[in-house]
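All remarks here apply to the structure that follows.
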Amino acid sequence: MALRTKEEYFSNLKKLNTQLYAFGEKVQDFTNHPCLKPPIEAIGLVYEMASQKENEDFLTTHSPFINDRISRFVHIMQDREDLGTRFKLARSMVHKHGACIGARCVSTGAVNSVFAGTNEVDQALGTNYHSRFLEFLKYIQSNDLAVAGAMMDVKGDRSLSPGEQKDPDMYLHIVERRENGIVVRGAKSSISGAVIADEVVVLPCTALKQGEEEYAVCFALPSDTPGLLHIAEAPASNARRFIGDEMDYGNAKYGAHGSTHLIFDDVFVPWDRVFLCGESKYAGSYVNYFALLQRLATSGCKTGHRDLLIGAAATVADYNGSGNAKHIRDKLTDLYFQSELSAGCALASVYSARKSPSGVFFPDPLYINIAKLQGVNAIWNGNYITGDIAGGLVCTVPTAKDLKNDQIGKFVEKYFKAKEGVPTENRIRMMRLIEYLTGQGSVVPMESTHGAGSPQAQKIFIQQSLMQNIDKFKKDAMEMAGIKEKK
Amino acid sequence: MALRTKEEYFSNLKKLNTQLYAFGEKVQDFTNHPCLKPPIEAIGLVYEMASQKENEDFLTTHSPFINDRISRFVHIMQDREDLGTRFKLARSMVHKHGACIGARCVSTGAVNSVFAGTNEVDQALGTNYHSRFLEFLKYIQSNDLAVAGAMMDVKGDRSLSPGEQKDPDMYLHIVERRENGIVVRGAKSSISGAVIADEVVVLPCTALKQGEEEYAVCFALPSDTPGLLHIAEAPASNARRFIGDEMDYGNAKYGAHGSTHLIFDDVFVPWDRVFLCGESKYAGSYVNYFALLQRLATSGCKTGHRDLLIGAAATVADYNGSGNAKHIRDKLTDLYFQSELSAGCALASVYSARKSPSGVFFPDPLYINIAKLQGVNAIWNGNYITGDIAGGLVCTVPTAKDLKNDQIGKFVEKYFKAKEGVPTENRIRMMRLIEYLTGQGSVVPMESTHGAGSPQAQKIFIQQSLMQNIDKFKKDAMEMAGIKEKK
Amino acid sequence: MALRTKEEYFSNLKKLNTQLYAFGEKVQDFTNHPCLKPPIEAIGLVYEMASQKENEDFLTTHSPFINDRISRFVHIMQDREDLGTRFKLARSMVHKHGACIGARCVSTGAVNSVFAGTNEVDQALGTNYHSRFLEFLKYIQSNDLAVAGAMMDVKGDRSLSPGEQKDPDMYLHIVERRENGIVVRGAKSSISGAVIADEVVVLPCTALKQGEEEYAVCFALPSDTPGLLHIAEAPASNARRFIGDEMDYGNAKYGAHGSTHLIFDDVFVPWDRVFLCGESKYAGSYVNYFALLQRLATSGCKTGHRDLLIGAAATVADYNGSGNAKHIRDKLTDLYFQSELSAGCALASVYSARKSPSGVFFPDPLYINIAKLQGVNAIWNGNYITGDIAGGLVCTVPTAKDLKNDQIGKFVEKYFKAKEGVPTENRIRMMRLIEYLTGQGSVVPMESTHGAGSPQAQKIFIQQSLMQNIDKFKKDAMEMAGIKEKK
Amino acid sequence: MALRTKEEYFSNLKKLNTQLYAFGEKVQDFTNHPCLKPPIEAIGLVYEMASQKENEDFLTTHSPFINDRISRFVHIMQDREDLGTRFKLARSMVHKHGACIGARCVSTGAVNSVFAGTNEVDQALGTNYHSRFLEFLKYIQSNDLAVAGAMMDVKGDRSLSPGEQKDPDMYLHIVERRENGIVVRGAKSSISGAVIADEVVVLPCTALKQGEEEYAVCFALPSDTPGLLHIAEAPASNARRFIGDEMDYGNAKYGAHGSTHLIFDDVFVPWDRVFLCGESKYAGSYVNYFALLQRLATSGCKTGHRDLLIGAAATVADYNGSGNAKHIRDKLTDLYFQSELSAGCALASVYSARKSPSGVFFPDPLYINIAKLQGVNAIWNGNYITGDIAGGLVCTVPTAKDLKNDQIGKFVEKYFKAKEGVPTENRIRMMRLIEYLTGQGSVVPMESTHGAGSPQAQKIFIQQSLMQNIDKFKKDAMEMAGIKEKK
């Protein structure tokens, strides 16, 4: 059985010689860093759940390449059902972790796109990238490795293509070809899970034209390869983790994203790990295949986030005593409608999935793009709705330390209680989860929403104003319709 | 000249004996607290600008009550132009501070609503609240005091009215009437500027019915009155200020909101500061007048925020090299349209303003409610648009310390540069400003937006897909229209 | 082969003794009525296409009940593919007829829902409705009959249930049970295709409660049964057909809807045509099954309409000379996005379809409801977009007679030409098709759209206004971000 | 008193020698044409109301040019109040006529723009257009004439400017300059009220560049000038008027738009009626001024239409028995909010209006453009909402002749009644008014909306589906927030 335990994943991370900087400091043991431990725990959760009998069919499957049971995240998509299950897996895992499992989740896009891409290059040019990649695939499937995928270059001036940039390093590229491998330079930006993965698959970022051959490069490397530096993201939510209490984090156990920027400071890649090297015409194919599966995964993932958002909004409405109000239900229904529009189109992309020349199934391009775009619409609309329902406390609620303070704890306990029977702590926790889910790190949007009265207060006024005018409006309409007496 | 300098405001704050807790700790000198200094600076800016000759007509005006020049923020609205100028003042001040000047801004709503409300009660009941209030008004106008307004109660179970709550303290109320004054208990939540104001005007939170007389109470107190405790808000963005560098704060000088929760632990109020005491029928009037002016102020303020948002989005697009792209301009135009819809309706509320029985002008209720509601719509839509334009770096960009670090500073400098000629530091600063303005404190919304490809990437694909089908669609339409040959 | 020709369908209609009133007059030969001939032609087209070899797999399939080839419209859904094909069939047929083929299209919902419903009643109560219905099913499959489905009652006061109406006939009900059958009274409203179908299946309109047994009735009858009166719909578009020229009708051949109101003036139904009779508990089940398939069909149908809308808008933009304008493409893409969101969710309902106890497959209820709702959103939004693109000529373009008039024909020819090489007649035809597709029968919406300048003209102005302010907005943002010099 | 009676207006029309073609036929007496009589009646209503004492201040004002009382429609805007009153006049007149009074309404834009434009040309170039125009102005004010404004050219290929068109007549232009005047050729399209006005002011359609001098032409002519042909619009709604009964027209008395296309077949204009002749640089100024006032007028007019729409939707909901349903009120409130957003911005354009060099006040360009654009958004959204509320009967309701028919009248009476006490005729009339107001002339949009179940039916289902899942969603959120037990 090619499946690792959570503990094996953790202990392997400990052994790595990863170069990581976070918040301006070199990190010695990133496995205990307050902003990296949460995503590591999230990946650990995936390993743990995969080993549980009841999840076997859902989280693992059979690999025809190593003829053994493997994680679905490193599976090559054999049919539509594989895609459908992958979507549902992304959605339901978020219900448990509410954050990012990029070090496993992106594996699917990475291995399937390189599988299909290498096959096409080889078919066209007689190269042997595909067999090299198959060896890599078997290695990671057999060892149940966590694999990140790194596509996004830093891109420099967006109006210029890779070959037109003044600094040629704005897109990662080959700087030297040696007998035993290649040397690459550049940077990949905002890569989910790269620093907590065992391996990183690096892909081109965009379709390339003739003359941009040195940017047409795809390869895989361990995350602690010499010359590879990680610089951690530093959002405001992470700042909390340096000064607060678990109660303040919203999603304490898993809720930090953990992406890093990858600096390739002339990194050597041996030939057996090189899966594209100069064939610029085929870069676009790798990119497209990767994008299709990433958009499927993210559509599932974000539907999961919105499910949590609905759950949190509904719960906080209960806590506030307004859980049964009609306008709350209407708003939640609208959020659900917007959310399922995206999920539905993702399922449509599965239903209409097509088999690529390599035999791998990919989602229908139109529907998965529609699902992703609608998913973003629904996230922002959902944040607004949830902020509207929850109230300004999302930003202004006191901290755990306030609740525990000798002098003021009793006031926090007393005054931040709402519906009878709901512990104040629970209400505060739920507000923090909403802060986390809606990404509220400054006060501006929430204060805009609730300062000077909530949107619902305005709606009520506007409705009252209408009701004052409605008889006049009706009378005019009746006269126009030729209706003689008012009925 | 009844105008204080910035320094006089600062030095008065130093003398106060304010009871403040923030992030679970008692704050000794709140004028230097990392989360309170920014709003104090913002109020200081108002004092400073009011003293500058070129702003005289805009920030100050003549008071008929003390026959002297006063700040517009404590002015009683004499005509429509006062309202129009007040709106423009709110909007343009935000261009300078980008945060909250509640300790001055809310003064307008507070003094005008109590002026009008006391007049109405006295007219109806023969009480003498209005003359008491006039004395208070002259005191704050003469001394150019910063006055906060506290209306929002903690509200307990939202399905119950004040008198129905199990804990009667969920709405602030009178617990004792003495010969020399009254004693009040309760809490006011999320009050902008209360802890950095000289005085706080406390109003009822909602219309009241018979039997809820003890909740019908309006009064004013210094912000450091014994028995009055402040507990500071604690959003994720404030957490940054304990660990970072000014470059990381987005809006370093002014960008913290500084609202507090006010706990009234049996606070004594002398009669000359009591402006409503038990006349429950009139509470709604105070509330409505206050809401009208607050919604005018907030409509100006949030338009100012959106102006900054447009400026920041346009600048970061320039920095990214995409400033001239058509889709960027279209998105900015949509944001501007949504924003000005709100500003326009606020001006309509000024144009249609009405004089109350007390002689004070208040905005038209319908249009100011419409302006406020649309303002919220525009804020969230604007956040989405700005996040879309700026890119995921809003969350993942490295910190000032990373940029200055010996080992990795050069990589940050190199790889986070975009358009030629724009210093990397400027681009990072602009990303942080956007983080601040859009309230992005966790990664979820941005990662939802840009993970697996930006919305624009999907739009492009969807357009391409349409272009592949469009000839078929056209052909069907032509046949249906009875058009014989394709032209 | 159980398939009729178009001619057989036509000749059978001629033989019927149908009672029809249209525009206030009794219709003698409805097969030649200007408002009925179009939908008859549309149904004829279905028969014609079904008989063509190249459409065999798409329009026909094998029936396990009569072991012969049948029209897909009267097929019992055996699996998910049947549902998927049915959706695509609805969509693609609209590309040909652009109108309504209710007399065939609704057959699917009618036969499948009664198949599944009768099965459930019989299982629970030991009745024998299912075997009766099977005989009816074989009859219509063997004779390839056009079958309408009539569900919608006139409903009286919407705040009252069937049993609460003052006039008990507001919902169709049983008025007498005889030895050989039942007598029913009531009316079914706005029934697509009922008057041009061979048979009409009548279903309950809503779930029923105890005491409403007489409303729990389902049966089938020929469309010319004695006592059954049809009253035709009379929209403004139909009025055109009495006075104009085929060129003025937009969709001359097929473009009239042809629904009728069915008055059941004490109509006798023999027992072998009765499929529910008093079992009120089961009425909801018939309704739900019918709704699921109707929403699938309509989602396909309306996607087809929107495809035509896109084609017409794109063509008219070409004719106007603005086919390559960026804003036109953006608007068409938005219309396509909105449209495919609905289509995608319909496919999701197929992907997630479930087998009912009777073995019939029905679409997933959540996704098909989402598809239908989004489909309506997309239709109205699409009408706006198309009206915006086409211009006010949609309403004001002259008629065929104007074009052919001796005196003014030359002016119409000259002045209504736009892009070089496009015949004026084609442009006029396309405008009329858009009038038809967007349902424009009065001038109000179009004049609102284009009077005083098109929406695009305002957008351009607003963009210009923004561009005049943008440097100020940028400067404020840069100062706030702590950026020292403008770059 | 320079005011005509309605009868004087009517009798003058009778004397004209107007050349009009409608539905392909030459019209002999257009004052009795079924499609022209309604707008003539609407203009008559304006004359009638202006003569009523109680409307004096609202519909008439004092002209400084003839020192007499005149209609506000031909008034030169002296201050902001003139603009504000003009807006309110447009809105409130629509409540009475529900259609178009272009022959008076456009007068305002026409006379003010030419007043301001001629002033600017004269100031710059020393021409004497302004004094000529003043004579014309006094003539129409003194005689209280109805004046249409004709700006929109047919425009040919939209990608080409006037001077680039293959056919030079695609924009109206000067073809000959004679001693006593000029000769013009071209066509103006979709001109509201032109054929029923006394005079037509013709303006350029767009800003012009050097080399396009012959298109820079502005003049005025009687509507029956030789060589000027009118071709009437021919929307589906007009077709009804040839075959139906007043009850079927929705807005029988006034509800036809009556715009015509004006063909200038080498028309002679004497010099005293020429107000721009070749000064291409100034054409844009005339256009801009005209557009500003037209957008103000149309913003008022369309708000009036939406007021009627709200009244009609609310009334039909009452008739249906659903007038008190929460979702109906919410939808009406949304329509009102969208509508007043536009009205508010129009008032903002009045509040921020600026005085032009000629002394005429014009609305603020930004806010009036925003008002117009939002007005269009609100119209289409309002049509959707109203269609949703009213139901499919908007298209399918029987005609007056059906209601009066001996055989079926009793069934129509019985079955199209809804709420007790509302005559069936009233309900039918209100459905027709909605057909008229929402421009429903084909069945497609309504059938899309209500076929297979109304949008509300889907919303209810989606809400039910959410309620089935909500406990799971809440549970996930509580676990994520670290809440131990469910409360």
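Each chain gets a letter, A, B, C and D, in the order it is written, and its residues are counted from 1.
Convention: a contact is a pair of C-beta atoms (placed from the backbone, for glycine too) under 8 Å apart; a residue touches a chain by one contact, two chains touch by 3 or more.
Quantities reported herein were computed from a predicted structural model and do not represent experimental measurements.
J.: Relative to chain C, which chain has the most distant C-alpha mean position?
T.: B
J.: Hey, which pair has more contacts between C-betas, B-C or C-D?
T.: By the number of C-beta pairs in contact, the winner is C-D.
J.: Just the number, please: Cα centre separation of chain B and chain C in whole Å.
T.: Each chain's C-alpha centroid was found; their separation is 50 Å.
J.: Just give me the whole-number Å value for how far the CA centre of chain B lies from that of chain D.
T.: 40
J.: What is the distance in Å between the mean C-alpha positions of chain C and chain D?
T.: Computed value for the inter-centroid distance: 32 Å.
J.: What positions in chain A touch 2 or more of the other chains?
T.: Only 250, 255, 337, 340, 366, 370, 373, 459, 462, 465 qualify.
J.: Which bits of chain C are touching chain D when the two form their complex?
T.: Per the stated touch rule, the residues are 21, 23-26, 100, 154-160, 166-167, 169-170, 187, 189-190, 192, 229, 231-237, 239-240, 242-244, 248, 250, 255, 257, 259, 261, 263, 265, 291, 294-295, 297-298, 302, 305, 320-322, 324-325, 365-366, 369-370, 372-373, 375-377, 379-381, 383-384, 387-388, 392-393, 395-402, 404-405, 407-408, 411-412, 414-420, 435-453, 455, 457-459, 461-462, 465.
J.: Of all residues in chain D, which touch chain A in the complex?
T.: Counting only chain D, the residues touching chain A are 95-96, 98, 246-247, 250-255, 307-308, 310-312, 314-315, 318-319, 326-327, 329-330, 332-333, 336-337, 340, 421-423, 426, 429-430, 432-433, 459, 462-463, 465-467, 469-470, 472-478, 480-483, 487.
J.: Quick one: in the complex, what on chain C touches chain A?
T.: Answer in residue numbers: 84, 337, 340-341, 343-352, 366-367, 370-371, 373-374.
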